[in-house]
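Here chain A shows up in two complexes: once beside chain B, once beside chain C.
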Partner chain A sequence: MLTVGIDIGSISAKAAVIQDGQLVGSKVMLTGYNAKTAGEKVFADLLAELDLARDAPDRIVATGYGRNSVAFAHKAVTEITCHARGAHFQDPAIRSIIDIGGQDSKAITLNEAGGVRDFAMNDKCAAGTGRFLEVMARALEVDLDGFGALSLKAQNPAAISSLCTVFAESEVISLIAKGARRADIIAGIHESVAARVAAMANRVRVQAPVMMTGGVAHNIGVVKALEAKLGYPVQVSAYAQVNGAIGAACLAAA
Partner chain B sequence: MSNQDKPIDFEKERRKIKSVKKMKDIMTHYYIDAKTAGETGKKVAWITSGGPVEPLIAMDVIPVYPENHGAMIGASKMGVDLCEKAEGMGYSGDLCTYALADIACSPVDGGPIGGLPKPDMLVCCNNICGTVLKWYEVQARYYDVPLFILDTPFCHTEFSAEAQQYVRRQLDEYLVFLETACGRTCDRDRLQEVGRLSMAGQRLWQAVLDTTVNKPAPMSAFDAFFHLALIVTLRGTQTVIDYYTELLAEMQTRVAEGISAVPDEQHRLLWDNLPIWYRTKWLSEKFASHKACLVADTYTSAWCGSLQYMNEDDFLGSMAEGYSRIYLNIGTDQMAAMVLGMIDKYAAEGLVMHSNRSCKPYSLGQYDIARIVQEQRGLPTLIIEANMTDARSFSESQVETRIDAFMEMLKA
Partner chain C sequence: MDVMQPFYDICADPKAYARRWKARTGGKVVGTLCSYAPEELILAAGALGFRLVGGSGAISKADAHLQAYSCSLVRGALEDALSHRLDFLDGTIFPHTCDSIQRLSDIWRMNAHTGFHLDVVLPVKLNTASARDYMTAVMRKARSGLENMLEKAISDDDLRQAADTYNRIRATMKRLYAIRRERPGAIAGRDMHAIARAAMVMDRHDFLADLTRVVDQVADTETAARGDAKRIFLSGGVCNLPDVYGFIEAAGGAVVGDDLCTGSRQLMGAIDLKDDPIDAISRRYSERAVCPAKHTGVRTRGEELVRMAKEANAQGVIFLYLKFCDPHAFDYPYLKDTLAAEGIPTLLMELEEQTASDGQFQTRCEAFMEML
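The block that comes next holds the complex of A and B.
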């Protein structure tokens, strides 16, 4: 059986193909203005890369904020259910997930079967999300990819007290003006994201082993800060960004 | 195609609650009476939603509820505009949006009914929150009318003899305040009779709410949000008794005929906090699309929740305890116990909490209650962040994802 999962997030669109219980391919691209077009394109491009015909998939499940705009999907499932299923596919021992995506962050606890036991999501505020880090990277004129490594060089992490993205940005600008080191400011930013996400994770009583998913999992600085706040290690998914799409493909096969 | 040509959806028509029209008529007459009070020589008192209204009814004073008005403003989607206006007047957007909308309405006669009738006096009871103290002070200055404040001590665990005496004495002062404002004495026998009607009305309202113990439920919390208006505004009158008697009969008929609020009800949930007034239709349809019915709520049951402390034979004497021990004036453990009681009674399989930016006393403690419900009943909680009147705090796609995910979890 060949199934496809499509995850349309606020920043990137992801697709994953699963054949007979094996992950055979995945793809990530920017969502851009039109979620509908992004869904079609990520799906078509991935099938082309894998040399599969458009009608090859038996079933397709869409997830993410744009889940209802993927007209050719057989079903739409929320990213919470999909992330749980995706993490379970990757490692059945996983009991909790911390997912930080473009516009939201979430903590999910799982049962033995990969189903959702409980979840919490950030409120309407962008603090503690990928978008928050993007805004900060722009203020600091640093490429977001270099954020993680740079923050590990911090000697004296700055204190970012504001929870609001806009106010935090002005805090960062004033720290720059005061001559604070870039690495210290970035480490401070990571700590503020970690503090916010850890509080949410504790609310649903996350249990180890914890897997981190979403694009922000690629940021080693956030991962380290989160481990420090939680007090135990966090396993970074090898497919952090496409975990939701993998879960959707698994659910399509179910 | 004109409306006449549209095919009638008989199933939808069957599900409609027929008493709705009568309720609308009663509320329209009530507001017309209140707005023409100046011509009929009656006095108008503005009173907080949890305030002791019975003495007003006994004195023939028309009670008017700025909070009911706030709900109407929210439901008619006029909240954002009025909140922005209040912010322009210098009030913080973090304040209660009922207060903001009411304060902003006064100088412009705004809102869905062109402003509330001018008050002759204000009656403020802090059993629901602390904001009402400043809100009513602002309005007392604006309208230059007398204000009576009834201070009900917070009941963490129990209602002490000292608290009883403290509130009881204030109730005597309240009667003196009314007698002074109206220029005549209060007939105690009449007050006793109004108290009896008030309790009878509350019992009937509870009976209406209790019809949802049936599976499927004949009504949902969204219906209760609407039908609530009478027990709030006209408590202590025969009108309430007549209307709820009729509504109860309609619900019993629906139960007998198997007419449910939600088609093919599969899931039963409990709602906590005030409604999100400008989104009740959307939320109702969203839950119904998952075959979920919000069978009960902590909000509408608050207007009959302290009946156990009231005594029909000594109404004035028991008012102190009855008005102090209401849902928003008790400790979190007691609130949780009430929520657990409702979960058991209505066979709910999950809790939906509106974390309301506007109402702090209602939202404080929700995470603890959710934890207690999880620990003692193993039931999950969905938290929806919003604001009862101000639509700027509502994000549809985020709320939709939470509801969909929660329902996926319940169905799994």
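The block that comes next holds the complex of A and C.
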């Protein structure tokens, strides 16, 4: 059986193909203005890369905020359910997921079958999201890709007290003016994101083993800060960005 | 559904209804905040109780007096008062419940010009003998306060008749709740909301007549049971967002019960008509389900919520809280754990009156239904 999952997020569109329980390919591209076109394109491009005909998939499930604009999908399922299923596919032992994307963050707890037990979302505020890190990277004139590694060199992490992105940015600018080291400031920023997300995770009674997904999972500094706040090791998904699409493809096969 | 029209007409503009009522009857209108305001006394005085559940426009004037982290109920009500949208009120009753309503009372007294001002300083602990006596004394004081301010004597007979009307309303609402519990979908969520909203502002005799008509029709109509719908119980304070019901239904759920301040909490309990009327009315306010700003035991609210959710055979509980409502937020972690221990999953939704964030609310509802 060949199934496809399509995850239309606010920033990127993802697709994954699963055949007989094996992941055979995945793809990520920018969503852009039109979610409908993005869904069609990521689907067509991935099938072409894998040398598959358009009618090869037996079933297609769409997820993400644009899930209802994927007209050719057989079913739409929320990203919460898909993330849980995707993490379960990657490692059935996983009991909690922390997902930090560009514009929101989530904490999900799972049962033994990969179903959702509980979840919480922050989607009202940029604090604790990838956007927060982007704003800070700009203020510090550091490439976002180098953020994680640089923060590990911190000797004395700065304290960022404000939970608001705009006010935290002015704190960061004050720290720069005082001559604080970049690495220390970045470590402080990561701790602030981790504190925010850990509080949400504790609300849903997070349990080990914990997997982290979403684009921010690639930032080792945030991962380390989260581990310290949660008191658990955090496993970074090998498919952090396409985990939702993988979950959708698994659900399409179910 | 035709019999629903009167309720929708009122919900579309409750203030216009109150103005029309006043012009038609020459009667007086008394604003109330929260379901601990003794509406029976207002009715006994021949006046119209008008519950304030928030504002009807963007908030700007109220924020000169209240922090932005006060709930949209108190900010919205004050905004309406300061913008002269409540000029039809002859007075307002402030029950002593949460901090925000108490402080609103003082700000209102100094800044709003909506007629007389009556604080009903209820006990906080309700389950002691001294609290019962105190509650009765408070009700007696409220009665004489209203008599003075409305310039109308309230006899024991007036009180008994008003209590009788409320008993009938509450019994009829109970019937409707029972039908919905038995046959989810027999009445649409938005219809239920329109009825509950109208219950707080409509002439209570007219309300009872129109409500009875609806309940009789719902009872007699064969509706296809929504057997596949997930049974949802709503828990929280003030819900004045009819869209919420639409989202839950669109996501595959059906509401089978609630403990909302704008729902069953105002509609539970009966008044013993054989007793002294003030004693009997006080007893109902002491014994009905408590709001988180009142106390009848450390675990009472949790036990009550579990009992109601189980009685409704609910598969999940959705907490609907107004953002920044601290009494509800304080109780939330313990209520969530209490339900979890009984195997009942929950979802927390924080709402603000003026801004329902559609897409996000919908995603959470759908994810919750998928989870159940």
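Quick notes on this structure:
Here is the rule we go by: the second predicted complex is superposed on the first by the 253 of 254 C-alpha atoms of A that agree within 3 Å, B and C clash if a C-alpha of one lies under 4 Å from a C-alpha of the other, contacts with A are read in each partner's own complex, and residues count from 1 in each chain.
Operating definition for what follows: a contact is a pair of C-beta atoms (placed from the backbone, for glycine too) under 8 Å apart; a residue touches a chain by one contact, two chains touch by 3 or more.
From a predicted model like this one, the values you see are computed outputs, not experimental measurements.
By the document's definition of touching, both partners, chain B and chain C, reach A:T78.
In the superposition on chain A, contact of A:D45 is made with neither chain B nor chain C.
When both complexes are overlaid on chain A, the residue A:F119 reaches chain B and chain C alike.
In the superposition on chain A, contact of A:E227 is made with neither chain B nor chain C. Looking at the shared chain after the overlay, A:E134 reaches neither chain B nor chain C. On chain A, the patch touched by chain B and the patch touched by chain C overlap at residues 65, 77-81, 115-121, 123-124, 203. Contact residues of chain A toward chain C in the complex are 65, 77-81, 115-121, 123-124, 203. For chain A in complex with chain B, the residues that touch the partner chain are 65, 77-81, 104, 115-121, 123-124, 203.
Chain B makes touch with chain A in their complex at residues 367, 374, 380, 383, 385, 393, 395, 397-398, 401-402, 404-405, 408-409, 412. Only residues 333, 345-346, 348, 357, 359-360, 363-364, 366-367, 370-371 of chain C touch chain A when the two sit together in their complex.
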